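This is the structure I have questions about; it appears just below.
When the chains are written out, they are named A, B, C and D in that same order, and each has its own residue count from 1.
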Amino acid sequence: MAKPDNLPEMEYRFLGRSGLQVSAISLGGWLTYGGHVDREGTFACMKAAYDCGVNFFDCAEGYADGESERVMGEAIRKFGWKRNDLVISTKLYWGAAFSDRKINNVGLSRKHVIEGMDASLKRLGLDYVDLIYAHRPDRHTPMEEIVRAFNHLINTGKALYWGTSEWDADEIASAWRWADKLNLIGPLMEQPRYNMLERFQVEREYAHLYREVGLGLTVFSPMRQGILSGKYKNGIPEGSRFAQTQVEFIAGFWKQTGKEEWQAIIEQVKKLEPIAERLGVKQSVLALAWVLANPNVSSAITGASSPEQIYENMEALRVYKKLTPEIMAEIDEVLNNKPPEVMMRFP
Amino acid sequence: MAKPDNLPEMEYRFLGRSGLQVSAISLGGWLTYGGHVDREGTFACMKAAYDCGVNFFDCAEGYADGESERVMGEAIRKFGWKRNDLVISTKLYWGAAFSDRKINNVGLSRKHVIEGMDASLKRLGLDYVDLIYAHRPDRHTPMEEIVRAFNHLINTGKALYWGTSEWDADEIASAWRWADKLNLIGPLMEQPRYNMLERFQVEREYAHLYREVGLGLTVFSPMRQGILSGKYKNGIPEGSRFAQTQVEFIAGFWKQTGKEEWQAIIEQVKKLEPIAERLGVKQSVLALAWVLANPNVSSAITGASSPEQIYENMEALRVYKKLTPEIMAEIDEVLNNKPPEVMMRFP
Amino acid sequence: MAKPDNLPEMEYRFLGRSGLQVSAISLGGWLTYGGHVDREGTFACMKAAYDCGVNFFDCAEGYADGESERVMGEAIRKFGWKRNDLVISTKLYWGAAFSDRKINNVGLSRKHVIEGMDASLKRLGLDYVDLIYAHRPDRHTPMEEIVRAFNHLINTGKALYWGTSEWDADEIASAWRWADKLNLIGPLMEQPRYNMLERFQVEREYAHLYREVGLGLTVFSPMRQGILSGKYKNGIPEGSRFAQTQVEFIAGFWKQTGKEEWQAIIEQVKKLEPIAERLGVKQSVLALAWVLANPNVSSAITGASSPEQIYENMEALRVYKKLTPEIMAEIDEVLNNKPPEVMMRFP
Amino acid sequence: MAKPDNLPEMEYRFLGRSGLQVSAISLGGWLTYGGHVDREGTFACMKAAYDCGVNFFDCAEGYADGESERVMGEAIRKFGWKRNDLVISTKLYWGAAFSDRKINNVGLSRKHVIEGMDASLKRLGLDYVDLIYAHRPDRHTPMEEIVRAFNHLINTGKALYWGTSEWDADEIASAWRWADKLNLIGPLMEQPRYNMLERFQVEREYAHLYREVGLGLTVFSPMRQGILSGKYKNGIPEGSRFAQTQVEFIAGFWKQTGKEEWQAIIEQVKKLEPIAERLGVKQSVLALAWVLANPNVSSAITGASSPEQIYENMEALRVYKKLTPEIMAEIDEVLNNKPPEVMMRFP
């Protein structure tokens, strides 16, 4: 499918308190590239995204056992894109292959951070990434060691900025404490889940960090893996992953969600349909637009298995500007999960 | 009532990562002294506590508009206790009299911290307190100003250690960041609510801080204002404060609890009765013992309106040592509110 | 004159990036108290201001050779105002009496800063001031000595915050450099002239400092010593100070203004008359409101020789909220002195 | 044209408070090399300059879209000059090709500073430059990020010293603040415009920085793009760039200069003719000599499209020593733009 004519212009946002600009919509390889989307499909998606103005492509050593990095690196070379026009990320923690002996190939020890970075760059075929993330907190490795290891990557030119993914707010603050103590660079950005159904961490837990350390957010799962697109509104098909109990590790907790809870969520999501209709957009676009409307979000990482999805998502750049306070309040009422105000000063 | 003969010895615990020791059970003036408990009653309670080995007496400028500090200071002079045998605390934030113009008489500005401290010491009739707390976070005052102001109190000899009360975990981490940056002293202790019904903050939110900064805890409300003592098991009397909807500000949120929720809580609490019976203690003692069983708790601040209550509470020092893993698991099952494990390292 | 009934409520603003709140309109002793306004007149003005909600009273050792501090201190005692409800400032640089031998009684040497502070506190009859200003830059005294001296005042409890008056932007930045180097407290606020006719320093020169160091402003001369009130619209009377050439030291320069230039300014000011009329206010009120409309202004220091003027000024709190972007643009066109935009990032 | 016999010896000056010496007259590629001066012409100019003792050659990524760096680098190789005899500079900010996607190819983000440096070195064919400049302030990128990025270039051996061009004085002071805070290297030199018609920034705005941080100056545009050479004394030819309104961005402002203003400037410049005649030199030489007479100027960067101009400029090294206080006063009277004295201490 060719790029439609009337797509809105891409918007670029500063990544937290930094001079780096990332496209408000970006493309991630999680659960897709190197996995169920094949090479040609990956190339087509990345090209479509690039043509729409996406400059930020998100990877991780752990996505598809390293295959995601390999195929996304291949695309960059194939299309001859200029390195300086791109913002490429990867993440370290899980190692690149579950078949590896795990002892020192997982976590945030200096050893794995350095070895993992080199292996990622090799798979990507790049000299450096723009963004390197600690893919999870590692509470066995002292914070000093973690902060020093990521600064080592920056000092040796293998990465330009570092950040975290799914860390607790006080762990991010502690990382800054160590960075300051050692005159090193603190973590610039977090990569949390953020969508209409998962709001607490972004809207409340991290609230002080935006002004305190200038934290930027590159959020993932804007559509809650499809739930928010409304595609399950007629029920969850047997065999779908939502038909089984899911156990996810979210923000430091293992959380179980069973079929009944999914069903309740789906009922709730249905109530967003009329709002999307009134705005004249698909529910998936409304979900993405809602994420973009949060000014602390630097980029919303989308997954896509076809160029069509990418073109469709672009619409959210137009829609989020139409989300008036009244509409936002209406959505909050449906969702019923808005974290209460953080008090600034008492009486 | 005279002190019973067979009370257990007081236990002293280090306050977080410091060299200061506080009695595991301490006495606080909140909602009692300077308020509905009269002068003679206050003196009797303080004397009973002191005789039981309590060395830590907890106050705040905001308790009873400063009257709590006045009467507790009077008791100290009256009984001629040695200053060095006591650990006296107070807290700054709310100001001492709600009739004041509020502009600079509330919050954690350098102005209020210094002026508030002087006024508190005057009311207490002391040259210094051992512990000074920031009674709430003040998100309008920069963290640097707050950290510097509390260090000024320490440097001028008006307080020996400083801490916080009901701060978010990342705010405590940020305070340490600033303290380290400026070569100043960080907050040593937090004063949160902690009891069988309110566990999240102590058991999960602050979890990293115990090892990261050596945070000590002086917890309050161990019996959830009486609910956990089982005294409402036959229903909430009309006119009691639990008969109305309560609005409390807890850990940064306004939280509403209505009568029906109280009723549900009371039903749950009833199920603890057999466990208390098996241990041969009152339910209130079990509740306090359960708090003391958490090794991160340096001191449990109790309120008391009669010496009897104080003597009774002492029993918890014996009981908490009988709380085997099996009993704790049984209690967790009843409570059904145990925060999930914090993962140290994934797979 | 009694306080009129319908005055607006006082507004309080945070002083730069601090937790201290000052009344948006404040009262200063320059050219009035201790000088041509007598004791009773001073008392009347201060009382009227206090009753209007003014909490910030501004002094300097150099105002009326120290008499301003004496009489303002007397007023505070006379009315029995609570110290914590007040924000009292003074300024050091000029010494308190021109008849003194000047060698070490002027400037910002450690000697004069410490000796001057003690003398000021004695004249004021206070233990401490809230705000202490370096009344001018002193380029003979090393910045390190200045920063250390003002921190000494704070550390010894004689002042709560320190700032500058009529310093160059890079001198303020240098003071912060030394403060950071030495882990000391940087200057929180500047006291520049700011009015419709003198905009460059506040709107352009200090522009980076608001976000870089959180600089607060307590501005003086909001009516350009009466010119902006329109009272000279029929010409400058012989004998008035505007009839002679004035030589003023402004922002590091000696600046001459002769009678003809005053005349031109007066012509320009006349063009503001219709705007004031349309808003239904006196020109002086418009001038003050215009100053309050700048969000970087924490407080506008007014001079007053009668309660009437104070009541009249209060009106500006209502008026500044009516200054729409359209009206501001109209005023800018008349003034023709708006500093151009500071570029954030080029093309 | 061969080098004349009687040229004065080159003079070398320390670059600010550093151990590096630069020729007082240097050669820059702005508006000439890589642009309207062809390769052979560039080689001839550079050879002539080198033979006169010029050791400092000034470039920027943005000059002629990178072509300036390419041709100047080629000259260095062609003539086989020893690297250690040369002081080579370049500047980062504008990117090297206006056809690039601009998002991260402009400004002072860590990304552009590092990527831009590598691209510049490649174009120059060098392993390192001696001086790297931030070609403009970037108010979107935090100062910490900028200071760290330029230090990264120094730490990785790609540059020896770093500085700024057309920054505000307080921005330079802020950069030093961050450098000190982080134990990093501050900006050594500024590259402002400086000539008889543009004096404020060098003579007044930066005044404190010479002693405060030892700021060195490499000034450009000593002849105000030819105006000061007197070549337009008979009027501005149609089609010349002075015949149109110029919009320039100077020291943070967009400034418009129209034809009439140019005409007035030319009239004023004419009055310098008799002074030049009395000294027996061309007006262009007087203009350059006047710049060299300022002891805060480390090097005056000249542009030249022929060796003749370079030889001619050398004369200024002799002439500036003849500029007595009387002659300087006479010039000041003609120019009527001398910034007033910065007061060191009042009365």
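Just so it is clear, a residue touches a chain if its C-beta (ideal position, glycine included) is under 8 Å from a C-beta of that chain, and two chains touch if they have at least 3 such contacts.
Quantities reported herein were computed from a predicted structural model and do not represent experimental measurements.
Enquirer: Interface check for copies chain B and chain C. Shared numbers divided by all numbers used: above half gives same, below half gives different; which is it?
Expert: Under half of the interface numbering overlaps between copies: different.
Enquirer: Suppose chain centres are the mean of their C-alpha atoms. Which chain sits farthest from chain D?
Expert: It is B whose centre lies farthest from that of chain D.
Enquirer: I'd like to verify one number: the distance from the centre of chain C to the centre of chain D, where each centre is the average of its C-alpha atoms, in whole angstrom.
Expert: Here chain C and chain D have centroids separated by 40 Å.
Enquirer: Hey, how far is the Cα centre of chain B from the one of chain D, in Å?
Expert: 65
Enquirer: For chain A versus chain D, what separation do you get between their C-alpha means, in angstrom?
Expert: That pair's centroid distance is 45 Å.
Enquirer: Indicate the residues of chain A shared as contacts by at least two other chains.
Expert: None at all.
Enquirer: Each pair of chains that touch: what are they?
Expert: All touching pairs, sorted by chain label, are A-B, A-D, B-C, C-D.
Enquirer: Mind pulling up the chain D residues that touch chain A in the complex?
Expert: Interface residues on the chain D side: 100-101, 103-105, 107-112, 114-115, 119, 138, 140-142, 145-146, 148, 152, 155-156, 181-183.
Enquirer: For a test of understanding, state which residues of chain C touch chain B in their complex under the given definition.
Expert: Chain C residues touching chain B: 12, 14, 17-21, 55, 82-85, 87, 130, 154-155, 157, 160-161, 183, 185, 214.
Enquirer: What part of chain C is in contact with chain D in the complex they form?
Expert: Listed in rising order, the residues are 93-94, 102, 106-107, 136, 138-140, 143, 168-174, 176-177, 180-181, 204-205, 208-209, 212, 249, 252-255, 339-347.
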